[in-house]
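Labels run A, B, C and D following the written order; every chain starts at residue 1.
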Amino acid sequence: MNPLDIAYGAAGAWFAAAVVGLLAGSWRPGLRACCGLSALAGAAAATAGGWSLIYGNTHVVAPGTATIVGGPVQLQLTSLAGVFVALLGVVAVALACYAPRYHEPSRGTGIYLAALNLALLACLGVLAAGGMVTFLVAWETMSLTCYLLILRHPRSGETARGAFWFLALSEIGFLLVVAAFVILSAKTNATELDVIASRAHLVSGGWRAAAYLLALTGFGFKAGLVPLHVWLPEAHPVAPADGSAFLSGVIVNLGAYGIALFAFRLAPVGGSWPGLVTMGAGALTAAIGILYALAERDIKRFLAYSTIENIGIIVTALGAAMIFHAYRQPALAAFLLIAGLYHVANHGCYKTLLFLEAGVVEHATGTRDMDRLGGLVHRLPRSAVIAFIGTLGIAALPPLNGFVSEWLIFQGLFQGFRTGSHLIAILIVLAAAMLGLTGGLAIYAFVRGFGIPYLGMPRTRQAAAARETGQPIAGPALLAVACVALAVGAPVMLAALSRAARTVTGVALGRLLLPGKLTVIPAHTDFSAFSPTYLAVFLAAACAVPLLIYLAGRPRAASVSVPVWDGGIVSFRPRMQYSAMTFSAPTRVTFDALYRPAVSIRRASDDDPAGRSGPVHYEAQVTPVFERYLYRPVIRAVEWLADAIRPLQSGDVNLYLLYVFAVILLAYLLGAV
Amino acid sequence: MTAVQPYAAATSEQLVRQLADLGSLEVGDGAATRGAVTVRMPPETLEAATHVIAGTPGVRLADMFAANDGDAATLRLVWALDSGYLLTEAEIEGDQYPPLSDITPAAFVEECEIYEQFGIRPETGKPLNRLMLPPHAGPDFPRLGHRPAQPPEEVHAPHTVGGQAFEFPFGPVRQVGVESLYYGLVTSGEEIVDVYLFTWHKHRGMEWRLRGQTLPEAMFLAERVEGLSAVAVGWAFAAAAEAALGIAPPPAAARTRAVALELERLYNHAAAMAALCQATGLTVGQSAAEIALERLLRVNATAFGHRYLFGVVEPGGATRAPDAAVLQRDLPAAYGELRRAADALLNTNSFMDRLEACGILTAEQARRLGLVGPVARATGLAADTRLNGSHPRSGPAGGGPYAEHPVTVITAADGDVLARFQVMLGEAAESVRLIGTFLDAGAAAERTPLPVKGDGEAGGGHGLGWAESSRGEVLAWVALDEDGRIARARLRPGSVRNWRGFDDACRSQNVFTDIPIIEASFWLTAAGMAR
Amino acid sequence: MPLWSVRGLRRGVVTTRYPAKPDQSAAALPTPPAFRPRELTRQDADRMIAVCPRAALRRREDVLIFDVGACAACGRCAGVAPHAVTASGEFELATTTRSALIKEIPILGDQR
Amino acid sequence: MNPASEPDQPGQAVGPASQDAAEAARKLRDMIAKQFGRSLHIRTLDTGSCAVCEQEIRLLSAPHYDLQRLGFFFTPAPRHADLLLVTGPMVRAFDVAARKTYEAMPGPKVVVATGACALGGVYPKDAFVHGDVGEVLPVDVWIPGCPPSPLALLYGLSVAVGRLAEKAPGLTFLAEDDPEGGEQ
């Protein structure tokens, strides 16, 4: 059976879910039904994606004579897209499990869930598009529905602002993508993706390069490549938890899909420079993303920046793969592509998980400010465990999935010397170094991101009053399981991904990658090897042994438990523990060239010299460099332009007739030439 | 070392003349404090008078305290001029007085203390700090005067830390062999934003205990107010008592006290040096300094029979004479150790780099906060009560040991830890020189007999006394009742003033690891602060 | 940067051998008084008790009760009755039983 | 003066606590002898001293005395401490801190009252101070002196771990040159 057929089922179910949500969203059973359908669709999509990895690319089909904006609806499910489809399915199931407990049934919720399911449908459309028009329409639909998602609570100006950033940048990106497609289809006079791909070599290198760069930029807006990333930290905090989880877990990854699509199928460019550009952009994005994450105290903004970092890692891998492709190293190219896709899957899982848990925390405490939380591990134990798994994953610590994919990426980059060009080798190693820095900072950032909200003493009354009853658990739990599975089941995953990579690069890496059953070798036998499965098992055992010993052995001496040693202070107060911002102060000081913090101190001793002690307030505001120095000028320019052309709109009919006349005249003249 | 900046320019006569314009003043009447020019004024002129005095260039508020005569409390302000002390006193009706700390910030610490002890506070309802009374001190907790009207939470400003900073709690139980004290370092993770200093842990009610005691009993406690400057506090207290009784120690006994005082300064500076090495993690230097320290203490023991020179000073004279031979034999060797260690330290960059530009205080700050001792002198102010003419006179004729053998005051300009260190080293050398001259002039264990009851003289009197400890000026004010017992004794070690400068020094652009260094360079005691 | 290690070697060892061997610096330490019962009269005892800054001395009939723990070795008792008091020279006074520090001194001076 | 402060009480004032404390001290001595070899870790606690006892304690680690050579070490964390060296008259404002410090120490633990203040020699019991460390903590060893010199402290520590026999019970404080000296 054709995976595309299963995808039809998923699409249908999502459409049905959207309808149900729209009609019965304000009614709890309706809400549940909507989510149930959505989950069903997710499961179907996951199956379709997984199946398509094994099945390979399907043929392009045009169901009936359905046309859309003048173009035929062309559908196709490729193995490359299959990875994303499977991820989409898993995320959809998690969101569906999460929503019923997170949302109160209401009209707004109904509309919101309808939009969410349509967005999922649109994403499936993007991934299953076999033709240019289908792709673009699905892509635009996705953007618009996501805009609705972000506008769930349109009352606050924050929300409007975040949603606007998202829409504006999406539209700019969309135009660029359209341009890229138009170039290709014009040069190959085809609209079917397969045909474009097959005729791509006929297009001159310059046009291909132009198309690729347009696509890179266009999709970069979605993926959040620096400096095109500004919408993420604005849109994520204002969207509902599952909405922002969807944005980070799926939408952003689709940007990566688009880049991969152009880089490896539609417009494979000769020469190594596009790869270098991509890789450079990726490495830069990763480093800057995590650095800004360290300066955030709002959990969701923090996670949004960490998304930027992860996309950076993925794009770096893709770029390196392109370079190796250009240097006739198909094995390594395929390997890095696989690693990149693996990271896509991982990021989709743990980032969705963390956003959902952020939602749980906000739900339970009413705040997203890390410095107003603390001690939640005692109040939300199950959520804390789930969040901890996600944190281990995203911090790329063994034995979890983040470690596997990042290890693969590093192993790929370290083999830069195989390109034979010293310059390229050095540049690739530099990128690896950037990722190294990123990885280190990421661990630092997520020690903070987990430790401050979950450990220690509650910093506010709300945090102390947090309870777990009524909090959604199943969705995040599912993703936690997925994270573990992606780590332990790495060989299976790699085998599947290598099939996907084959359809793109034409290299069968399976044997080379997995000589043994469970051991992974990075493309070249003489380089290195490691087995995520054994590692996971071993680490688990290593933790279990002392536990067993402890459980087995009787405690000999009677142990007394006394409070933490606090220097004999009369009362130890929450204000005396590390806060999120003080924890990351060392980086703020080290990188203040980037942050340009504006420090403001208010203390009792400032205004009277007598030495009266009193309240102290310290703020270090990080300058939003890109908004201020890149976007604001553009916005001003646009406004200026608008003012400049306003006189044309005089409202005088005769004047408008004159315009018409002039245009027709111009047309004639051009026709005559 | 810079040129000596006179701390106070004006003389008491000029000031008194200026004050006379303000109206009804009694200058130095019968009940006046001996040992200082006393100006008694009605409370309404207090504010104006304070404006005049504080406005005079370089006059420093040395101390402020209250005493209960009958029901009303009398407020006394001690002003340090370079020719001596000026004491302004005013009786306060009710429980409020003009806000003096707005005129001269140095008064703030005492305002807090007076509120805790007597329940009277400045009219401006500004919050006060908790200084001495522990939080558990109830309404019936023993005090010198009436208990405060308002409960503490209405008086003390809340300690809240907002924004991107947190309070790093430090103490009260701190490193090994360090006194109990709490400070909360408010930090952004790197630099120190603010410091909360709590000094009430060691409050032992010394001034409360002294009431009703005989002078010898009181002497025993006075030495234990701040054991590391037992001689200085003892001398100040004895001098105050002597002034109250109108007697003076014999010159030879005064020289004995001076020898002990300089020995005390020597070992304290050695100890401060050791502490600096410990704070900078230079263990070898610490050992070298501690060898010198131990040898100096042994010199004390052999010369005076006590490692910390307890029991040397007594009201009217000195109990023990220094063993001149021992001193001339052992002191140079012990000081040699100190000198060699110091030279080695001055050549150790890893050490000097930590000291430079760390914990900076400006001369302006020092003047404003009335800082004393090496801390003030390191900012360029020549604040030294040993300066000619301003040390307790021994006998109506004699000008006191420091008048006969003037001290060269050591100052430095930068006001950072290094400057303090250099001042200490200079003073150590100066102390050795002075000890030599005092011994040559002859030091003995003589004493002027205290007038016994019925002598007429024994009748109650007030006396002000002071001495220059290694931490700076120690002030004592004693009021005796008819039968020679203590009605009210005020003891103010140098630590009280300089702890006030400590948090300012910490705030001046420092990171975490500088704080121990700054504390070592101040070399203060919590015991002296809390009393 | 001076050679601290060389300096230290040249400085030599200053560490005491105590408690293995006695330390002569102990001779200069202030120590609690020792009494001459024969020279000690009730009157002396009362004068000493009067000057003792903090009840280390009390008298029960013909016995002077001396709390060594409370004694600060200030030497004031020796000041008022030099004939009956000398320095004991004892500094190794640490004990695990507080009561072991409370001594009874017979007052025999009046019986002559 | 307050009769309760007469300094022959503390023997009882410590009360039953001193029994098991003595027990603990004995245990600790055995342990030091058997298990830890020669390693005893000391935490100091200032409960209102005049700062001189602290100076003497600091000097214990100075070259002249060097207490490490005897297997004693200072530790800033009571968690690692076997012995608590208490100075000062036990200011009441310090009750919480003293209790916390003592509780933070793992058993068996030894408490050593250091200096005349800690033995009730300087301050009477009143609203400010307990006047005697024994009032609050189960004291195992008392070290007299104002201040106790480093040598006296070394002796006291050795007594605390049973390395030296205490001679205080045997002392008479009768001058040798007195004919009656022999009798006591």
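Throughout what follows, a contact is a pair of C-beta atoms (placed from the backbone, for glycine too) under 8 Å apart; a residue touches a chain by one contact, two chains touch by 3 or more.
Keep in mind the model is a prediction, meaning the values are calculated, not measured.
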Intersection of contact partners for subunit A and subunit B: D
Pair sharing more residue contacts (C-beta pairs) when B-C is set against A-D: B-C
Relative to subunit A, chain with the most remote C-alpha centre: C
Separation of subunit B from subunit D, taking each centre as the mean of its C-alpha atoms, in whole Å: 31
Inter-centroid spacing, subunit C versus subunit A (mean Cα positions, whole Å): 80
Between subunit A and subunit D, centroid-to-centroid distance (C-alpha), Å: 64
Shared interface positions of subunit A, touching two or more other chains: 566-570
Contacts with 2+ other chains: residues of subunit C: 14, 25, 29, 54, 72, 74
Per-residue multi-chain contacts in subunit D, two or more chains: 63-65, 78, 94, 97, 100-101, 122-123, 146, 149
All pairs of touching chains, each written as two labels joined by a dash: A-B, A-D, B-C, B-D, C-D
Touching residues on subunit A, where the partner in the complex is subunit D: 560, 562-563, 565-570
Touch list for subunit B against partner subunit A, complex: 101-102, 105, 107-109, 126-129, 135, 157-174, 182, 184, 186-190, 193-194, 196-197, 365, 368-369, 500, 503-504, 507
Residue numbers on subunit D that touch subunit A, as the complex places them: 77-79, 94, 96-98, 100-101, 103-104, 107
Subunit A residues within the subunit B interface of the complex: 297, 371, 566-570, 572-573, 575-579, 581-586, 588-589, 601, 603-605, 608-620
Interface residues, subunit C side, partner subunit B - complex: 1-2, 4-5, 7-8, 11, 14, 25, 28-30, 51, 53-54, 72, 74-76, 79
